[in-house]
Structure formats: C-alpha cells, structure tokens
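Before anything else, here's the structure in question.
Should a chain be cited, it is by its letter among A, B and C, assigned in written order, with residues numbered from 1 in that chain.
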Amino acid sequence: MSELAELRQRLARIEDERAIERLIASYGPLVDSGSVEATAALWSQEGTYDVEDWQMRGRADVAAMVGSDAHQGLIGRGCLHFHGPAVVTVDGDDAVAVCESVLVVRHESRNVVARTGANHFRLRRIADRWQITARVTRTLDGDAGARELLTTGIEGR
Amino acid sequence: MSELAELRQRLARIEDERAIERLIASYGPLVDSGSVEATAALWSQEGTYDVEDWQMRGRADVAAMVGSDAHQGLIGRGCLHFHGPAVVTVDGDDAVAVCESVLVVRHESRNVVARTGANHFRLRRIADRWQITARVTRTLDGDAGARELLTTGIEGR
Amino acid sequence: MSELAELRQRLARIEDERAIERLIASYGPLVDSGSVEATAALWSQEGTYDVEDWQMRGRADVAAMVGSDAHQGLIGRGCLHFHGPAVVTVDGDDAVAVCESVLVVRHESRNVVARTGANHFRLRRIADRWQITARVTRTLDGDAGARELLTTGIEGR
C-alpha cells in the first residue's frame, strides 16, 4: 500500500469510530428532548431495541416508544438518559459498541437514579451512514446477562 | 482538490472537533477543583454563561462564579460537575456543541444528584484557539427551553 | 518536515490519544462485569492503583481486587463505575489523563451514588501498547488532594 493510501485508511477508521461515538452520544439528548423522528433515525429500518421489558423492531417502534405516554411522562417530570463514552470496534461495514449509562428521573423535586444500564450496540453502514441494527440495554443488578453485554461489547463481539 | 489536501482537510476537522470535546471535558475537572483562571479561560473575552438564575458575561464573571462563596462552599463539601461526551458541529471558525450533565453534591455524607443539565455551547476560533462565546445550561425538569437546547445542539444550531 | 510526514505525525497523535481514551472508557465495563484478567491487563506489569484505602501494585494486585469478595459483592448487588470522557495529554511514550467518575451501587432496590471520583492516570507505551503505570482515585469530598489530581491532570502533569 502506498504511504498515502495507508494514511487514508487510518483516517477513515477514526472517522468511522467517531461517527458511531457521535451517534451514541446523540441518543440521550434526542430521547430526553422527545425528538421522535430523529431518535428513530438512529436505527436501521429493521433495527431492534431490546430494553428490559420493551422489545422494539424498526423505526416505527422506536418512534412509538419516544412518543409513548410512559416516555413523555418521564420527560414532563424531567429525565436524563446519561450515557458514558462508547468503546467502538469497527470491522468493515459492521461495528459493535458498548457503553454504560444511568437514567436520572426527577421525583418530587429530587433526582433519583432510576436505573443503571449496560448498553450493547450492533451497527451497520447502510447507504453510507452508520445505523443501529440491534441495541440491547440491561440493568446492572447482578444479572449475568447484563455483565455479558459489557464483556462482549469490549471484545467487539 | 489534491488527495493530500483532502486528507489534510479531513484531519483538521477531526482536530477541531477534538479540541472542542477536550475543552468541554475540561470544564468539570477545572470547576470542581476551583481553578478560577483556567475555568474562565475556556470562555472568550466577552463570552456568556447563562445557568439558571446566574447570568455571566466575560471571563471576570466566570472567574467570580468559581471564586464565589456559593461555589467554594460546594467544593468544600465535595461536588462533581459530571459532563457526558459532547456532540460537536464545526462550521469554519464557529461551532456548536451539546452535552448532558449531572451535578452531584455531598450532603451529610451522602451524594445527592442536585441537578441535571442540558448544556448548549457556541464556540468560536479566536487567536487560533477555540473559546466559548455562549453557554446556556438548564435543568431538565420538563421545561421546553431545556429540551430545545438539546435538539438545537444536536442539529448544530 | 514533508507535508506527508507532518500529516502522519498529527494522525499518530490522535491515534495515541484515542487509544488512551478507549483504555479508560473500557475500565468501567470491565470492572463492572468482573473481568479479572482484562481489567488487570490495562495496567503495566508494575503499574499501581491507589484508590482511597486500597493500594495495588502490579497486575496480580488489580486482578485480586476485581476478584475480591468486596468487589464481587458489589457486582452481585449491581454496581456501575461510571467514568466521564478523559482529557489526555501525550508526550512521546508517556501520557497523563484525567477524568471524573461516580460509583453507583444498588442498595435495597434503590441506586445510590456511593462515591464520586477524581481519577489521575499516568500511562506509558510499552511493547507498542498504552498501559497504566499509575492511577490515583480520590473522593471529591472537599479534600485538597482530590482537587489537585484534577488540576495536575488537566495540565498534563
């Protein structure tokens, strides 16, 4: 490979990783502001979001979650889906990312950490844009499944 | 554009975004350690900081906030201005960034989430250094203004 | 320096900083999933970890901490070592990084912010991989030492 081609490849890798980091860092602000369409657009057409007792498939399902009474109620009281820095592993047009999160909800003028989260993302480059094809979020309550999301995510699996 | 010039441009864009990410990630450590001058230096000469009931204009105002009895009292008890990863949009010498945050304050040997924050930054490259020209921080308590900071920030407005 | 050599140098700097950011962002997921070996491997052979009343030296000590009854008890109840974005300063094969953190622990079905943290890292490139040679973590409870970790970390000292 020429020196220039090698630089181009290294740069492209950083751009890919950063695009995914940005996508994940956008989730909290979008979902906490109740941005229905923009949140849904983070997922691919058939992308899934499995969060505890809520199973979504496709953008319409994600949009419905953001627009739901349950979520809009959280926003009305004040909520923060606070996500830490993602660790991203890119392999061609596929990627895996992982991060931790807390959900802070306002309750009677106090802020309560309602939930902690282990977040595992599968992403795919579709139509030149990274999109979530599968996200799984689990509470860190000692459950082995939640811990497994973290280890596989760090390993890029 | 030559191939080399294009690579240079892409690299410069990443450097700009990273410089701003670093600036924002520095805010918490600086303000929690009570670094008066270094915190103020994140702002431009006439930069503003509008946080709830506190309106600051210029570095002297930011320095006064960090040095104030109110803020030094927080530091003395123990506080953490914990900011998440920023989403940055650069347009030439101007930029917009957004991130979420929590303020954790120690209170009678417990740590209380005293406030959640939506943070919207306008920045400008001045004398070859990115500086905050306007920061607005609002509590996420259901208020439409706070939610608007998040959506405009993600859109780079 | 040729134009190409200069681009290469700037790119390498970003790669170094990002490798360290990734290493630090991996700590929480690894320690919260109880990954004994992978957590220990973030440190150098003789690397130290000084966290409040726990002094570790070498990977075996870090591994022992992760595997300890105290830490496994935290994981069993549910814990989140939530770290914010790191500010990294690289100087050749040495680096300094700083970030803030909170430890959230599940306690009787509530999530408690058990500790806030100022985290100062010294790292070294050894065998072509960044490794922690010294980490110091202190609670932000008004203590001058904790605040000093933040200021020196931001200054890259």
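To be clear about the criterion, a residue touches a chain if its C-beta (ideal position, glycine included) is under 8 Å from a C-beta of that chain, and two chains touch if they have at least 3 such contacts.
No experiment lies behind these values; they were computed from the predicted model shown.
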Equivalent interface positions on subunit B and subunit C, same or different at half: different
Subunit A onto subunit C, rotation angle from CA fit, given as a multiple of 5 degrees: 120
Centroid distance [mean C-alpha coordinates] between subunit C and subunit B, Å: 23
Residues of subunit A whose C-beta touches two or more other chains: 4, 7, 11, 14, 84-86, 112-113
For the subunit A and subunit B complex, residues of the former touching the latter: 4, 7-8, 11, 14-15, 18, 21-22, 25-26, 28-30, 32-35, 38, 75-86, 104, 106, 110-113
Subunit C contact footprint on subunit A (complex, rising order): 3-4, 7, 10-11, 14, 17, 84-87, 98-100, 102, 112-116, 118, 139-143, 147-148, 150-151, 153-154
